[in-house]
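Working notes, beginning with the structure itself.
All chains are identified by letter, namely A, B, C and D, in their written order; residue positions are counted from 1 within each chain.
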Amino acid sequence: MQDLTDLYQSVILDHNRRPRNRGKLPTANRVAHGENPSCGDQCTVYLRLDGDRVGEITFDGSGCAISQASASLMTLHVKGKTLPETEAIYADVHKLVTTGQVDESNLSDLAALAGVHQFPARIKCATLGWHAALNALKGDPVTATTETHKD
Amino acid sequence: MQDLTDLYQSVILDHNRRPRNRGKLPTANRVAHGENPSCGDQCTVYLRLDGDRVGEITFDGSGCAISQASASLMTLHVKGKTLPETEAIYADVHKLVTTGQVDESNLSDLAALAGVHQFPARIKCATLGWHAALNALKGDPVTATTETHKD
Amino acid sequence: MPSWSDVRADFPVLHQQVNGKPLVYLDNGATAQKPRQVIDALVRYYERDNSNVHRGLHALSMRATDAYEGARARVAKFINAADPAEVIFTRGTTESINTVARSWGHAQLKPGDVVLTTEFEHHSNLVPWQQAAKAAGATLKYVPLLGPDGEGGLDLAALDTLLTPQVKLFAFTHISNTLGTINPVAELCRRARTVGAVTVIDAAQSVGHVPLDVRAIGCDFLAFSGHKMCGPTGIGVLYGRRALLDKLAPDETGGGMVVQVTYDGASWKPAPERFEAGTPNVADAIALGAACDYLDALGRDRIAAHDTRLVNLAMEKLSALPGIRIIGPRAGATDRSGLVSFAFDGVHAHDVVTFADEDGIALRGGHHCNQPLMRKLGLTSTTRASFYLYNTEEEIDRLATSLRRIQKFFAG
Amino acid sequence: MPSWSDVRADFPVLHQQVNGKPLVYLDNGATAQKPRQVIDALVRYYERDNSNVHRGLHALSMRATDAYEGARARVAKFINAADPAEVIFTRGTTESINTVARSWGHAQLKPGDVVLTTEFEHHSNLVPWQQAAKAAGATLKYVPLLGPDGEGGLDLAALDTLLTPQVKLFAFTHISNTLGTINPVAELCRRARTVGAVTVIDAAQSVGHVPLDVRAIGCDFLAFSGHKMCGPTGIGVLYGRRALLDKLAPDETGGGMVVQVTYDGASWKPAPERFEAGTPNVADAIALGAACDYLDALGRDRIAAHDTRLVNLAMEKLSALPGIRIIGPRAGATDRSGLVSFAFDGVHAHDVVTFADEDGIALRGGHHCNQPLMRKLGLTSTTRASFYLYNTEEEIDRLATSLRRIQKFFAG
């Protein structure tokens, strides 16, 4: 196993201890729920779409430090973005957590998720909040599950 | 394995080649059918009960030399007997084919079945015709199957 | 009789390093490790006797059939069944329960009937009954669990109210895989009989850990898995009382379970064959028999005492940790089996498991296939340490040390 | 690439005496023997990685999960499935077929519908369809077999008449375990598609013997058993096209296949998990993957050619015996696989098997789970010799010698 401090970087621990934008969003006009059925992790994303941009975004749920921190980081990065912009960021995040590599270095603090690729069982934790956010943006309220062979 | 000539004694081969009382019995007032589902052996016993005694008895069906010879021998021994008498003979036959031992030596040519006990897979062949005969005598026309854990 | 430390020599898997530390395997609730005797039984079968069973008259087929039916008789003795024909080989607990839910449920359940279960069943003893009840238009009801931490066990007073004549079947676990609660199974069967309800016991967590006698318990059906009792994966048992089995229609059909087949229809053999369509899992059934031998040589009463010693020590050490919530029976309770489930303030179970793994310790974190129970207790997951015959007191020390380290790390 | 004689060294079971003679194992249609590579895969798993899958985050559980999912991908490649998720692990062919018959049959069959099969199916691909048709009020019809000895194969002209739009499903074997007939499966699937019927192929006798490509065949479902292809007992596969699987309800429910469970109901994961309730047969799935490696290293095209060489030799030698009736395709026919079934005048198949066993030769005698076919051909049983990669030409000689001795003994 790799050193756990690769996985649990200080950014992760900080976002786990003090999640940003956590809780319900009373003004939300989009909500989507994600789960990780094997381990019971859950994440609900609330967002207010202003035109085609995310005006406000929050998340709620429970899960390991990785899933909580990743969801917290996600809210910071998705706020103000359109669906295509969010998809582009997620493509980078997905590449990062599955390979440890990034094309561009514009992920800033999201780079803290790089350690995940050494712990394949945790990839679905790191992507849970993102799946829910994308579903919310697409107006797809069905439960997102990370439990497919495609993830 | 024991020598096969213990199993295929000349009495057995003779009864297999020239089965006695084989065929349907037009005057039968009792019929019962037996099968050995694992291997497909079948035996139908036809008998005419005169009072409480077997007046005539025949069998029909297909199966290995042991099952055919045992059924053929059975017809010779059951003819003229009552149900309790048949049950008594069968008790001896059952003991013989499962243990190779007999209490009394009144089984005469049935003793040719003694070799069966060395071939446990063949016990149900040797008892098939007897089960059918007992069912016929009891007026129990349901299919007798030797395929239970009790046999 | 071997000593507990000698026993470890029988388990090859235990003698390895994980992340540079000697493996401490405390995930026995999920699956148990296999002694060399069980692995050898598999190898021996494949190297000497492998053949299809029942339909063959050649030497290998007769040997394979004898070994397979011998394993059935061995398992029957292990649970004190009256007759080997009451032992049906399945893939495991889940398949065993589904077989009853489908065969029995389909034939017996009518609209208005009630199926009773408890609030703390494993999904495998819960979802099949939801499905059976739904298919029949029957109602599924739950006997409540008492105590904010589930420490009070089944609400037996509520059970008396729930056990109406409408209850056709009562399914419950012997030992909870999440709480560690040992249910009073003989008493539950006795009460169910007073209303004529058929009883189904999920013995997945008990059969390899405590002495178990189906006739003393008085149950109608009982299900378990080989892999949780030192046997191989892919084999399990449905025990059913002969009188009930003979009335049940088969769940699966095909080769080996038929008497006569025509192009128009088919008739069935009696149990156990009726419920074992197709080529059975011969090798693993034989190895399950070897697992019965292994456990009986140690003695399940001694295994139970060993498990209890370890869980008591673990409860003592864990209670000393700050911010811990242990669920299930309180320390020292006689209805607690050899496992302990807990939640830490501020540290999620998956993080606990990942950090313990760094210390070479195998734990389980999650909902333990018990989502409704988790929700009832206001939890989303717990960490579980579950013990078995090869675990030691030193391993409990290593667990406690690791948990302290984890708490410190996350407290930052 | 190993030579055919080297191959025997891989199979420990072959190197034994039966009744004082070297074993000649010709009962491969019932089950195949296991190479050391497959046995070793089992031992390695239990000695190093054994753990429950999917739900664990510790090292052993991750290793076990990777190995189990790796085996699924390996099997998918073996049959050229488009996606590993199309491979569902079951106990064997019989369970695979029952799963389709129940899940698909329950949801899709309506009164008036027709299920089509053939006159020469194994009970495991016949009785489940009788049951499914009966439950739905549908009709089961049979495509006839041509020729007094079944030598003519499927009546394809009759098939065209039978394939009406009422036919919702067409189930047929790839290779008959009794006749040895190889069906033109791609052509059958093509014709079935013209009426929109779902196709189910019983590949029990083919998957380990001939190259098999589910996409080239174009079937919807395909079932097989590990134990007939050098894999362990207790594991098999249901292949299903993804689009169809995702629409099917689960057959068994319980742990591992649910997304969310409440006291009121549950929701399901997609395939393959949806169809794998409970702890899977992890070890045997991994060993099945090893069997795929073993067979692919030899090459299934080469295995098929070897089987054909042996069966042609056997047909030649057997035809020289007096009073023999060989069923299935005629000598040299290209639609005959590596097995031969025959009846002797005046000697019952069980007696043949018992006497051959005295010569160390393992044959099978009986109805081969094919009672209606036997009746159609006017037989009650046949003796079957079935060949596989480790059989030799000398073994065919020993078979012929033994059969001559048996005929002589009974002619007396």
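Going forward, a residue touches a chain if its C-beta (ideal position, glycine included) is under 8 Å from a C-beta of that chain, and two chains touch if they have at least 3 such contacts.
From a predicted model like this one, the values you see are computed outputs, not experimental measurements.
Looking at A-C and A-D side by side, the one with more C-beta contacts is A-C. Spacing of subunit A relative to subunit C, judged by their CA centroids, is 37 angstrom.
Subunit B and subunit C have Cα centroids lying 46 Å from one another. Centre to centre, using the average C-alpha position, subunit C and subunit D are separated by 31 Å. With touch defined as above, residues shared between interfaces to two or more other chains in subunit A number as follows: 1, 38-39, 122.
Listed for subunit D are residues 19, 55, 57, 59, 258, 260, 350, 354, 357, 365-366, 371, each touching two or more other chains. If each chain is drawn as a node and touching chains are joined, the picture fits none of the line, ring, star or complete shapes.
By the contact rule set out at the top, the touching chain pairs are A-C, A-D, B-C, B-D, C-D. Against subunit A, the residues of subunit C that register as touching in their complex are 19, 346-351, 354-355, 357-358, 365-367, 371, 374, 380-381, 409-410, 412. Subunit C meets subunit B in the complex at residues 54-55, 57, 59, 62, 65-66, 83-85, 256, 258-260, 267, 269-270, 272-273. Taken together, the subunit A residues at the contact with subunit D in this complex read 1, 35, 37-39, 120-122, 143, 145, 147-149. By the touch rule above, subunit B contacts subunit D in their complex via residues 1, 4, 7-8, 13, 16-17, 38-42, 62-66, 68, 119, 122, 125.
Taken together, the subunit D residues at the contact with subunit C in this complex read 12-13, 16, 18-19, 23, 25, 27, 30-31, 33-34, 38-39, 42-43, 46-52, 55-61, 91-95, 97-98, 119, 122-128, 130-131, 134, 142, 225, 227, 232-235, 252-256, 258, 260-266, 277-284, 350, 353-354, 356-357, 361-366, 369, 371-372, 375.
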